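By written order: A, B, C and D. Residues from 1 in each chain.
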Amino acid sequence: MRIIVQEQPFDLGAEANAFAASRTDMGAVVTFTGVVRDDPSRPLRQMTIEHYPGMTERALEKIATEAQARWSLGDVLVIHRFGPMRPGEQIMMVATAARHRKDAFEAAEYLMDYLKSRAPFWKKELAADGESWVAAKDEDEDALTRW
Amino acid sequence: MRIIVQEQPFDLGAEANAFAASRTDMGAVVTFTGVVRDDPSRPLRQMTIEHYPGMTERALEKIATEAQARWSLGDVLVIHRFGPMRPGEQIMMVATAARHRKDAFEAAEYLMDYLKSRAPFWKKELAADGESWVAAKDEDEDALTRW
Amino acid sequence: MIDVLYFAWVRERIGVPREQVSTDAATVAELVEELRAREERYALAFSDLKALRVAVDQDLTDFDAPLKGAREVAFFPPMTGG
Amino acid sequence: MIDVLYFAWVRERIGVPREQVSTDAATVAELVEELRAREERYALAFSDLKALRVAVDQDLTDFDAPLKGAREVAFFPPMTGG
């Protein structure tokens, strides 16, 4: 298991390749990457992610450990950035490796669902009309009832 | 949409980076990579994938087009190899980009489920005790009832 | 004349990947009957249709499918992609 | 003495990211009452507890949680990771 919380960008491709290469006894590798949407209809200038150093790593480890207990996984990777980001930049990624695709997919979805509303990150958007904190969505909280 | 059927290896990392970079207006990118399992308890020497040129591309396009009709996707990528491969080599990948993670995950799972039993590929394994065709699994056929 | 293609173990049992067949068969099932009657290797390859899949002009279909106008029929075991 | 941390708009309303608080509060809820009584900015930040989450020693918990032995309490809005 690897949990990384960092300010600087990560290289999705390099991380995906290194992750897949580390467990070639696994038949299935799933990655999810979250991106600051660069949407022309939404004039976002910057997104800043605040986090709770210490608790963040602890919460992510707890979520990843729970995923490993629930599914048969060869490995789990979570990378999450904090600090300021521009539209189009990658915010975070998770990767799961498993013998079978169902485990790899479900575990990745589980990680994402929990990471959304149980890991201490907060997003603030800067647009032409000022700054605002992104509100948590009911649907993200509801997604947890699935597990 | 990009559908690639080729004999030579592909670079998961380079493909994932190019795919993610092409649609930065999408918030969620999911990749699935299938690997010839390099399992010490299973002395596989080689896996050879046979396919039906012409129908393969047609079937993959049909599956990807159906995924785009069912989910709100920014883009879809399918790469599938044929020919001989060694344990540890990557067989195929799919990638989906969507505004929201649920669409990206579901569409990737749909692509995989259909690709498993509706795209004309056949796997033959070569082990110390000889060659054998991999039998289709009932669970892969059953997986289609979900959609 | 119709192109008949075989894949995976069907190809191995029949011994060729494709051949041209002169037939008046109205359906895939009728074509299979004609092939079965030809030689032992065809009878063997087509002994259990439940273990086989068929595509007409590169679209998956079933053994009741009509052959009128078809240029290409392919027989193969259940697919194992991914 | 306990370390009290604030994040996101809670931090902005209170004006500091963390402070040391001398308290005998037995629970998080009691600590919140003490803070609310201090100054308007606290009353404002803690006006709707349903909009807040709390962690004691870096574990998510609820407002009934005991503070005995706790070194660190953090208040913040619902999280928006991913």
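The working rule: contacts are C-beta pairs under 8 Å (C-beta built on N, C-alpha and C of every residue); 3 or more make two chains touch, one makes a residue touch a chain.
Only a predicted model underlies this, so the values are computations on that prediction, with no experimental measurement involved.
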item: Far-end chain from chain B, centres as C-alpha averages; value: D
item: Rounded Å distance between chain C and chain D, as computed from the means of their C-alpha atoms; value: 72
item: Geometric centre distance via CA averages, chain C-chain A, whole Å; value: 48
item: Chain centre separation (chain A, chain D; CA means) in Å; value: 26
item: Contacts with two or more other chains, residues of chain C listed in rising order; value: 82
item: Per-residue overlap in chain B, given as positions that touch at least 2 other chains; value: 34, 101, 112
item: In contact (per the touch rule at the top): chain pairs; value: A-B, A-D, B-C
item: Interfacial residue positions of chain B with respect to chain C in the complex; value: 34, 50, 52, 54-55, 58-59, 80, 91-92, 112, 115-124, 133-136, 140-141
item: Complex contact set, residues of chain C against chain B; value: 5, 7-9, 11, 55, 58-60, 74, 76-82
item: Chain A to chain B touching residues, read off their complex; value: 11-17, 20, 24-40, 87-88, 90, 99, 101-102, 104-105, 108-109, 112
